[in-house]
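These are the structures in question, set out in turn.
Here chain A shows up in two complexes: once beside chain B, once beside chain C.
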Partner chain A sequence: MFTSMTNRRDFIKKMARLSAITAAVSMFPGILFAEEQERGLPKGGNLDWKKAPCRFCGVGCGVLVGVENGKAVAVKGDPKSEVNKGLCCVKGYHSVMAMYGNDRLTKPLVKKNGTYVETSMDEALDLIASKMKETIQDHGKDAVSIYGSGQWTIPDGYVASKLFKGCIGTNNVEANARLCMASAVTGFLTSFGLDEPMGCYEDIDYADVFVLWGNNMAEMHPVLFSRLLDQRLKRGVKIIDFATRTTRTSMAADKSILFLPQTDLAVANAICYEIIKNGWVNTSFVEKHCNFTKGSTNIGYGLEDKFAFKDKPEKISFEDYKVFLEDYSPEKVEKISGVSAKDIKYMAAYYGDPNKKVMSLWCMGMNQHTRGTWINNLVYNIHLLTGKISEPGNSPFSLTGQPSACGTVREVGTLTHKLPHGVVMNKEHREFAAKIWDVPVENIPSKPTYHTVEMFRALDRGDIRFMWIQVTNPMVTMPKLKRYRDGAKKEGRFIVVSDIYPTPTTDIADVILPSAMWVEREGMYGNSERRTQYFEQMVEPPGEAMSDTWQIVEVAKRLGYEKQFYYKEETHIEEIYTEYRRHHDNKKHNMAPLEVLKENSGMQWPYVDGKPTKWRFNSKYDPACSNGEDFHFYGKPDGKAIIWQRPYEPAAEEPDSEYPYWLNTGRVVEHWHTGSMTRRIPVLHKAMPKAYVELNPGDAKRLQIQTGDSVKLTTRRGEIILPASVNQRGVPAPMQVFVPFFDENMLINDITLDSFCPISKEPDYKKCAVNIEKV
Partner chain B sequence: MPIKSYLAHPHQGKKDELILAISALKHCEVVPAQNRDIIVIVTETDTREEEDNLKLKLEAISSLKLLAMVSGFNTPQKN
Partner chain C sequence: MKKRLGIISLFVLLFIAFIVIWNYSYYQGRQEAYIPIDNNQELPTIASEIGVFQRSEYALDYANMPIDEKHQRSLETYYDNRAFYGAPPSIPHDVESERAMGDNSCLKCHNNGGFTEKFNAYAPVTPHPEMINCRQCHVPENTQGLFKPTNFEKGSVPVTGANSAFQGGPPVIPHQLQMRENCLSCHAGPSAPKEIRVTHPERINCRQCHVPNNKVIEDIGIFKRSNTNE
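And now, the complex of A and B:
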């Protein structure tokens, strides 16, 4: 390819500029370069700036999208947004570019004789509907399924649930949030009886100490992390990074404490031991508002097909709990966890100090964990024992990874056991949903079917024959991927994939539908702090691309459900949202009307008497509290939260002589999950073009491996070769390695393990055993 | 033909002064951050000597607290 010298110099100059900007963004999350941003704007342009929530990550930053001549050409942080106050991270700043990649899908494609053939949208939708009918007729209604994501808008997820659960009559509805947030959900449900955080981002402005539990916020939630750093400059707050690997977060923190994988369970119990031993328990809070309960132990890891588990909660006394904690003194836990007794006491002292407000933050480290529900419970235990909960600055806060993991998957309920209000197992909840959906209650089965891992196992076995995948890329993200890729390709399976670009998942499709992305359609997302945000359609989608919502509505009509899917094309988003709000019409979860969402940068639920609820379960802020006390955990029948007795148990697969290292996987700041969008953004792709394996410098020296050398990683599932990264961005602890999963050319999930938390069914992507050798 | 990029940190309250001083130098492009006291500098010079001289001039600016190089490229001569 010919490149003129001038162009090459310009290109290199641009690369130099971008390298510096990228470095600045990673060192100072939230930093803005307005001049650089404006450099790309059309000269003399007359931009129309419209507000939207960012579509990358679960923080839910408000952005302003600049539109000119029918094209989105610029993004800036929305200064009116309470979430990000005008800041933007490197992904958000370049987000509109994700809509304009060269290989955007614009026409439906149908596989005929092994090759994809362009077809009309009508023909493709007809084919999907007829295949669904045929599958139901031949194999039963539980042979059809839909798999979506936390990037589904609220209307997308709502119509999916209504069609499959209410109309077809199968609970085969799942979403990739099962892979990232399910343990947070079961943590909330088991401790409080209701999902989602009691606090909000405003807690950051009040807390004195932030404990980050396995959470690389500097890269994964950079805008929120910049709010923490701001508070340190203004008020001298302390940031403690408690993790298994040294990251940019560790480097920016006041203290970095490393623990051995899985032993966060033991450390959390040790903190509780210290709180009790030192008399730091908030006795009146605990007596009034908490129960003590223990659950089953040795609960397994879900490695076998059709694995089933049901916890058996049993009430215990405070004294029983104290006896249980005797095994978790800091000195004993030091031996299991590698964390010094001094550091455990250091953390416990902050939690125990009545004059310090503490915010605990976590995301994938605690959720992607074979005891994910337990570790969520244990961090709540710390806050409940000290009464540091549900008030400004005292806040256990589970962060989310996707823009609507909360709004769609958790609130609409696009999981096999869920309904928009309640669960399928509850007769009253089924009756309530059936009434709003205008379907016979008998349509909604009372038993959940398959959680995500089991759904793909069912596809492999042939129990599921039809799967519709929207807004997600499971052929990169499923653990132990090879089994599920081979299963999806088997004869007699029919796969529909709705997406905006070709991906390894469209490779397994029989029909590919081009989707409208983000502001090419109208919709809403719900972020980590219970904030629902609306965005209007700002530009036309390319070619025949159509919103995921309308794709489902069109298929539903073709299946004969015109009565339930009565929505008009021009007003369907408003009609769907208005119908959806009826499911949450109560003080505990009321959603703001659409006109309120349109006027504001989102609104938090419960929205009661024209006001959002910032702190739930606290009678000063939450109108749903009705027990006459300061706090009311009304998710539980007796209004009390639960302090759970949960032990430390080892991971499903731990290093041994054959596979002596821990393998940890995760994300990078430049890329959104599997990179299917951000790798089409030249700046981000060039900044992080390919995956790598991070090694501990000591291990690398012993194995004579340097940065850039090829390294073979072998697990019991297979092997992969990656370039080494030593002392670069992140530094794993000795005998541990880290690999990011964004690179579809280096599929690390081919060798990960599909073990999961038996309660949440969320896989553990952070721990399996691996061998490494220089190639 | 070196092309280099730097992150420049000004002394407290001296960001604007630093931007002005760098902008006055030949072969320097300035990209200031909007909301932080950080300035991106891209330098493009014809020879190594020119580059070294420019760096000395940058480091002599009194409003500059710290200059950190991020990337360096060397391209062939134009002719």
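And now, the complex of A and C:
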């Protein structure tokens, strides 16, 4: 700590200089001897801190990246970010290390006679463009497709949509957010007519009770969960964990309630039953702002190819709805859900208490659900019946899994039916997009083509011949994976994969393009609370790696769309973002200009009159409300939100005598999705080196299985052997097992089921029937 | 009799009215659709002072404690445990429960420290015991192998001993203060790395003399005087 004085003379000299400085400073305030003051201080080398949103999940924490001599060497939380206020999680703190794995892809690789040959970027892009032309000529426009990601930046998704929908003229644009957020989207659209949460993270600071619906927040959204824990410390809020499995979240919660898979539908209805029975309905709110509607029932599971479904909404009265709920008394629901009537009443009492502000939080548990849209609707029902919505602290809040699932997939609209503003089915929306894209309106087809699962089925069938996959790893994440892997490998398919590391998906590629990731390029992400965040390029990408945006622009130019892809290389991100903003130029969705994004830790949309809108549909906060009432659900033509009558229906495949266990899959705190980045971060890999199967201790005892033993899991799709984990990270309920999906050496998705929600087309990774035995 | 009944019923009525009005106003009072929100909430640029005095009750003990040279930590081992300077340290030992929150497990040792026979070392004291989801940031090492080797290079670390404006000046604080406001937890006691152990823990008001070096934390540029005559 101490530096000893070398000698007395030196000391006196220094003291004299210091007193001179002190005198000077006191005589002339404002003068600062900067050099004098900083001499001898550690400068941290050439360390430079630059702000960015975190690369990983949808929370969108602000991080500061320390750059030294052209390399990212450190990360810390940005204390000025309203999202995380300086805190990160273990993935965020070590995120920069994801750029430096020693097997980074740095050169394009082209498959020739079964082996990959290095080539130049120009040649690879030429080849992609010529293959696309050839495929369109031989098989038609709908034989080419792009499959992107919620980790696409906003410009990536925007140019992909513009090229495929606007220029080429096919709606074969999908993204992996279909596997994670589609049910949230259809939930919002059916209940409110507009996507994305009405509230924001600030709700956490006002709510009194938090109900987590199948959401292991302590591991999956740890930074937000720490905000809940902080509020509990300060204000004594209540946290209720409503889940199928005991996790860290259950341990931290004030109350942990377990339910049987799929029965959340019944429990949500039972809560509504209790609210009505006890007179907790906010009558004036419901009368003014809600309609009652019922939809089709027995809607299927999408297991067969070319499955089609269209909901038939039918208006009903409050009385009809009450009659429907008669089947969902807590006592009746207790029998199917395994949740005691007392616990159902306990939750209902919090929702019903007008003196408690309640925030519901959920993520994949509700979205990856064969009735995903329904369960989203049902939780909104609870909040609508009690009027606990669109107010600080009263907030049904759908969390996101990926950094730009909202920003890119949902807002730019990189889904088959979507346009940046509106849907392809709507003529006006097509005309509006075509005008901004500078393409003839006839280019944009009016019919959606394939959603993700169907897109891979089409690839297997041969309806799709060319697929470009960017920033995602479907050969780990697709359910019933074996079928889609075999399909992709068939003759006559041409697959381009843009990624940063070799993955099981690059293994099926004909061309592999090296991508520039995160802060190796410039871009924006949009997080769960409608916050768009900008990041600058901080370091050079390795080798010939190129941003996904520019890869698409280069191919578009080669296809002859120079006029639409006029962007200059130096300024293309700004040009693209400015063009994109024109699609959302209205009070309901206006995006902040780029200067504003650069100055702040992101900005929430709708950005109106220089201000973000924190609570939508509430006239006190949202300038788009125009009906003169306190609330205006302007997403629907009559300004009213919909309370949906949705029944409980069983899962696509439930345990039986042959396959008696439930199989649930998910993540762990250390790894991000398929682990292609996080497994290359030594700290994270050492903490969580491989996948496992979690068993209930009772089941394990009966089968004489101990932690570490090999266990064979068999479903109707196949089998896989995994090491057992008993009473460790999580404890599944009896007759249930859980397997994390990050491990490409133990592909659990080989045996999962590709059933999906008929409305959202999002697969259910949380439920299928499995048999387990000790090997 | 009649009079008495009248008075009683009057009080009963008043009491009922009180209950009804109280209930009504209580329910109305809480059901607020509008909470005024300060839209331009400034996030502080000056680090919070919360926690500076948090462990000051131990300061005298720290000052009087003989140094256990055999078991003291050094900065070398301190940095060994971190992916880079400023990264959250990983857990160098097995953990009892994979599932528990920190308040029931980690904090048993890391709240106050103390010698642990099992690890033959003093448990480091956390500067932020209020954050109980420890494993959000701190993870153990369950294997030594790597998935793939890494080319990541650690950045440089601040030098100790040359950390003051001039010789004899109080050293400045080279690190971010958020979550580390509680100086004594790392800079005093038997678990403090010897190079950064303070010689005068009893003085407790650390930031009276030691100030953060904002140049490192965030570049504030060179101060320019604004012309007030214009």
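Rule of thumb we're sticking to: the second predicted complex is superposed on the first by the 731 of 775 C-alpha atoms of A that agree within 3 Å, B and C clash if a C-alpha of one lies under 4 Å from a C-alpha of the other, contacts with A are read in each partner's own complex, and residues count from 1 in each chain.
As a convention for this text, a contact is a pair of C-beta atoms (placed from the backbone, for glycine too) under 8 Å apart; a residue touches a chain by one contact, two chains touch by 3 or more.
Everything quoted here is computed from the prediction, not taken from an experiment.
Of the two partner chains placed around the shared chain by superposition, neither chain B nor chain C is touched by A:Lys288. Contacts of A:Leu87 after superposition on the shared chain: both chain B and chain C are touched.
Look at A:Ala74: by the touch rule set out above, it reaches chain C but stays clear of chain B. Contacts of A:Leu684 after superposition: chain C is touched, whereas chain B is not reached. When both complexes are overlaid on chain A, the residue A:Lys557 reaches neither chain B nor chain C. By the touch criterion stated above, A:Lys50 is placed in contact with neither chain B nor chain C.
Look at A:His417: by the touch rule set out above, it reaches neither chain B nor chain C.
Of the two partner chains placed by superposition, only chain C is touched by A:Met251; chain B is not.
The interface of chain A with chain B overlaps its interface with chain C at residues 5-6, 17, 30-32, 34, 86-87.
Remark: chain A residues 1-3, 5-6, 10-11, 14, 17-18, 30-32, 34, 37-45, 47-49, 66, 68, 71, 73-77, 79-80, 82, 85-90, 93-94, 96-97, 99-104, 202, 206, 218, 222-223, 225-226, 229-230, 233, 246-248, 251-252, 354-355, 391-393, 501, 611-612, 614, 618, 620-621, 630-631, 669-670, 675, 679-689, 728-731 touch chain C in the complex. Those residues of chain A that touch chain B in the shared complex are 5-6, 8-9, 12-13, 15-17, 19-21, 23-24, 27-28, 30-36, 86-87. Residue ranges on chain B touching chain A, taken from their complex, read 1, 3-7, 29, 31-36, 38, 40-42, 44, 70-73, 75-76, 78. Every residue of chain C that touches chain A in the complex is listed here, in rising order: 26-27, 30-35, 37, 39, 41, 43-45, 83-88, 90, 98-101, 104, 130-133, 135-156, 158-168, 171-172, 174, 176, 178-179, 195-199, 213, 215-219, 222-223, 225.
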